[in-house]
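One chain, chain A, appears in both complexes that follow, with chain B as partner in the first and chain C in the second.
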Partner chain A sequence: MLTYIIRRLIGAFAMLIVISMVTFGIFFVVPQWAGATPEAMASRYVGRAATPETVALIAERLGFNDPVAVQYGRFMKGVFAGAEYDYGAGVEQCPAPCFGYSFISGQPVWPELVNRMPVTFSLAIGAAVIWVLAGVSVGVLSALRRGSFFDRLSMGTALAGVSLPIFFTGMISLVVFSYGLGWTAPGGAYVPFTQNPALWAYDLLLPWITLAFLFAAGYARLTRAGMLETMGEDYIRTARAKGLREREVVVKHGLRAALTPILTLFGIDFGLLIGGAVLTETTYTLPGLGQYAILAIRNQDLPPVMGFVLVAATFVVIASLIVDMLYAVVDPRVRLS
Partner chain B sequence: MTAPLDVSGSATEAHPESVLAGAGKAIQGRSLTRIAWMRLKRDKIALAGGIVVALLILVAIFSSPIISVFGSPPLEFHQDQIDPNTLLPKGFFGGVSGEHLLGVEPVNGRDIFSRIVAGSGISLLIGFLATILSVLIGTTLGVVAGYFGGWVDQVIGRLMDVFLAFPLLVFAIALAGVIPDKAFGLEGNGLRVAMLIFIIGFFSWPSIGRIVRGQTLSLREREFVDAARSLGARHGYILFREVLPNLLAPILVYATLLIPTNILFEAALSFLGVGVNPPTPTWGGMLSEAVRFYTLPHFVLFPGLAIFVTVLAFNLFGDGLRDAFDPRTH
Partner chain C sequence: MSFLDVKDLKIHFPTDDGLVKSVDGLSFGVERGKTLGIVGESGSGKSVTSLGVLGLHKGGRAKLSGEIWLDGEELISASAEHVRGLRGKKMAMIFQDPLSSMHPFYTVGHQIIEAYRIHHKVTKQVARKHAIDMLGRVGIPEPARRVDSYPHEFSGGMRQRAMIAMALSCDPELLIADEPTTALDVTVQAQILDLMVDLQREFNSALIIITHDLGVVAQVSDDILVMYGGKCVEYGSADDIFYRPEHPYTWGLLGSMPRLDREPTERLLPIKGSPPSLINVPPGCAFHPRCPYAERTDGKADTEVPDLAETEGGHLVRCHMSRTERRTLWETEIKPVLETQ
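Showing the complex of A and B:
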């Protein structure tokens, strides 16, 4: 078990290093491949009105002429130890973790990210809870009543679910349930959980279901397939022959074995979840991390996007790590190997 | 794990009639492809999906003649269809009429039918080419990992894990955002389409790679590969003549299932405004404009249904194809 945990921790750390390199590459190396000069990159930091001399000076100060490895080192130092920006007029302190300043608002990126984190996390975690519960229970029921009306209906819905873009279901449900029937919040609002839990859930209910629907469909299909397979195994017959109640046979012997591939999927779905959260936030105009990044991208405002990419990827790595630990709890083979 | 084409033992239990159909007549040899085709022909839902896919491809190829007959140019404004006070389309259900089959857009009155038809080309082009790119990367790395094993397999396996857990959309958004208007000798939307194909294809290869790796692992141990090896065949010969032909079926199946994922990916990027630049019509882009006009059901419904029908058709056809080649997954 301990070796397993250590191996996973090392893996997660390596993943974070890779992610930081890819992020750095996207924002500082790819533009240069695509033909941007150090001056062109620096001009984004000082605005279009600056003279060529100022731009060249800034390019030198920000180190766009340095070797890539040196630039990466400086970038990582900023994240972990903070950075100092010397604009000539004075030195600006940017405390760690420093993701720079927004080109548009001039505000540091990190506090804004921190402000928006609860929205995205509430959305993502709530949706994950809903889709796992709904997907697994629908899958189990479908498998137990294979060929029934319920099975056909839920599998048909699941197939439609994996074929529907999240922003389309989002808009349709907004029109139907919010503007039409008036059951749910019209979107765009967020109340912190600590302030008013009921209102928090009310505002997030529709986004949760929208985001969960897409994933629940896949989980229902996978659970159904897994349950059909395990319920045909010999040990299920043995459990029944022992005289166990059917519920115990299904939950303790059937579902437990079928759960392993679902956990595997859950572990790698966090990446998709963050993407889905971005789409959901944009559809419902929720003030989360994804919306911040999309607004920034439209304004060519790169530091917020970079901060968002790093924060989102770190979240994905940590969440996957937690799932890997759960994995060991559910599947004894993992902790013994 | 066994090879996907190994139908021994499962063929009879899945479709006894397909095996026994020739009984009475002279016994005919059937290739596995023919058996799969016979199964597919019986699967009505998959066939319906396949027909829709074929129609969509035709629509995408002949989009300009279709538009000139049934619609008006996708970028043409029709201010006469718009109520100048509300800026919303006049007439029934967003201006649905013989002239504008699916109505017009608010504010500028562009023909929605033409824009959807024109958008099909970009969706399918990016969906197909990105899938080809992921199949090329995934098959190469998967075969190499599965065939050579050892540290090569370890390294490629880790790489696949990293890519599978990557927040793809997040990185795609970032990449699409830093690309300048002109690069690599391309500019404007030509560059954007090329970039989207590259980004989507480059990020979605691990799903194919994993499957190919698994199949290669089991093929490597089969007798015919042993036989070829004992006759002194080189690695290249074994890979291209013995292993790859046996991988074609699973690659075809999973490529068919990857196309709809990639189409959704493109639609999502266009919806977020980091895909193909407007005014070039894309389904995702049309939906992102529709966000501001949620009171107009036709404006949301038609582009959304275009995505849904396309993706569903590919999924149904791909599922049927998989069941036909490997009935055990059914």
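Showing the complex of A and C:
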């Protein structure tokens, strides 16, 4: 078991290194391959009115003339150990993890990312609770009553949930529940949980449900398919022959076995989501990671985009690492291999 | 009335293609301490019968009729919840494939503990001791250690032993074993059979062994019921079935049985054709399309369903041929051929 964990940890770390290389390559190497000179790279860091001399100086200072490997090393050193920027007039300290400064605001990227994480986490965790509970229970009930009215209704709804994009369901629900019925907050507001939990939940309720609807649909379908398969297994018959109550047969024996693929999917979905629920945050103007990324992309603000990509990728890798570990807990047969 | 008394049991499944008569008017009984062997080919309704006795068709699509008396209590009309309470405690079952019949995610011990705690209000520690004790009794070495193993960490024979330990954990008075040795290596089959017979003696339970293999029931059964197409075709003591069989299907089964104690001078005598579809059971005697003696019935073979009639001392046969004709055939044609095999 321990070797399994260590192997997974090493794998996850290697994965992150590869992701950082690819990200660095996309933002720093590919433009140079495409013909951008060190000066052209540097010109994005200086004002429009800069003289060619200034640009050349900045290019030298930022190291765009150095070999790619050196540039990557410097970037990674910034992430792990922090960096110093020499502006000539003075030295600017950028503590680790340093992803550089936003071109637009001039603020360091990492604190901004940290500030926005609670919003995205709140959104992702709340939605995940709803979609797992709703999706799995609807899936189980549908499987147990296959062919019934409930089954057809819920699977029809699930199909709609999977196929409707979030900006559509988000807009519709805003119009109906916020502006029309006035039941929920109109979006755009975020109150930290620590300040006022009730208001926190009130503001996030609609985004949670909208996001959960999309995911719950997929989970309901997956659970239904899994349950239909496991409930026909021999060990279900054995559990019944023991005299186990049907509810326990379904939950402890049927669902337990059907849960493995759901867990895998959940790890990936949740990891992606805490890296920024881009569409939901944009639709409800929530100040989370996804919204930050969208703003940065629109402004061609390179450092925040890079920081966002690396942080989001890290979340996905960590989430799938946790899932791999849980997998070994859920399915004892995994530990052998 | 016997300890288990099944009367005119019918288990029918309505399907889109028609009514599947998996079990069609079956009657049998078993006493405590006795063993009944139910023999037949795949699809003859053996397993459906056993699941019916356990009440596992309740709430499903199957239509049941007839009577199942267990220790003076009728089960078909009893509530599903009541029968659930009897299941595992008063009657238990051992299944064919112990690997797929045990939950892959739970330890063997967990599954035995679960079975025990459904019917006994005891702590986990007490149940665990009981599980270890049961594993020891079915001959698993180092039961205190193996109790925490998963089914995939056991060998096939060990798994079937664990399955037996689970089934016997609540001292059931009726034990049904559905093809208990089919999935096992030949060398292990005899061990498992011996174990079941020993435990049956110890617990004084009624045992039903369901198999397609006459060799299995030959060693252990007091009575044998031969099924064909959802019906009983011959029912009698083990001696009746092995030394005085009267139904052509039973002859066929005996002829298909390899014998190690004789010279392999000739080929086996397999039954020609395949088992009938349970949706379109052949008219008349269900066995007549495969029966070599169908023309000896004055044309009744495909028009009239023969009755299950007593031939002598509780030995029942469902055949159109007269008793003397069957006896003569057995003595002059069948027995000599079987003996040379």
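Basically, the second predicted complex is superposed on the first by the 329 of 337 C-alpha atoms of A that agree within 3 Å, B and C clash if a C-alpha of one lies under 4 Å from a C-alpha of the other, contacts with A are read in each partner's own complex, and residues count from 1 in each chain.
Criterion: contacts are C-beta pairs under 8 Å (C-beta built on N, C-alpha and C of every residue); 3 or more make two chains touch, one makes a residue touch a chain.
On a predicted model such as this, the values are computed, not experimentally measured, just so you know.
Overlay on chain A: chain B and chain C fit together in the combined arrangement. In the superposed pair of complexes, A:279 makes contact with chain B only, with no contact to chain C. With both structures placed on the common chain, the touch criterion links A:16 to neither chain B nor chain C. When the two structures are aligned on the shared chain, A:238 is found in touch with chain C, with no touch to chain B. Put simply, more of the residues of chain A are touched by B, taking chain B and chain C as the two choices.
Look at A:330: by the touch rule set out above, it reaches chain C but stays clear of chain B. Across the overlaid complexes, the C-alpha centre of chain A sees chain B and chain C at an angle of 70°, to the nearest 10. Of the two partner chains placed by superposition, A:205 touches none, neither chain B nor chain C. Nowhere in the superposition do the C-alpha atoms of chain B and chain C come closer than 9 Å. No residue of chain A contacts both chain B in one complex and chain C in the other. On the side of chain B, the complex with chain A involves touching residues 162, 164-171, 173-180, 182-184, 260, 264, 267-268, 271-274, 284, 287-288, 290-291, 294-295, 297, 300-301, 304, 307-308, 311-312, 315-316, 319, 329.
Residues of chain A that touch chain C in their complex: 233-235, 237-246, 253, 256-257, 330-333, 336.
By the touch rule above, chain A contacts chain B in their complex via residues 15, 18-19, 22-23, 26-27, 30-31, 33-36, 159-160, 162-168, 171-172, 174-175, 179, 225, 267-268, 270-272, 274-276, 278-279, 282-283, 293-294, 297-298, 300, 302, 305-306, 308-309, 312-313, 316-317, 320.
Of all residues in chain C, those touching chain A in their complex are 51, 54, 56, 59, 84-89, 92-93, 95, 97, 100-105, 107, 114-115, 118-119, 150, 152, 166.
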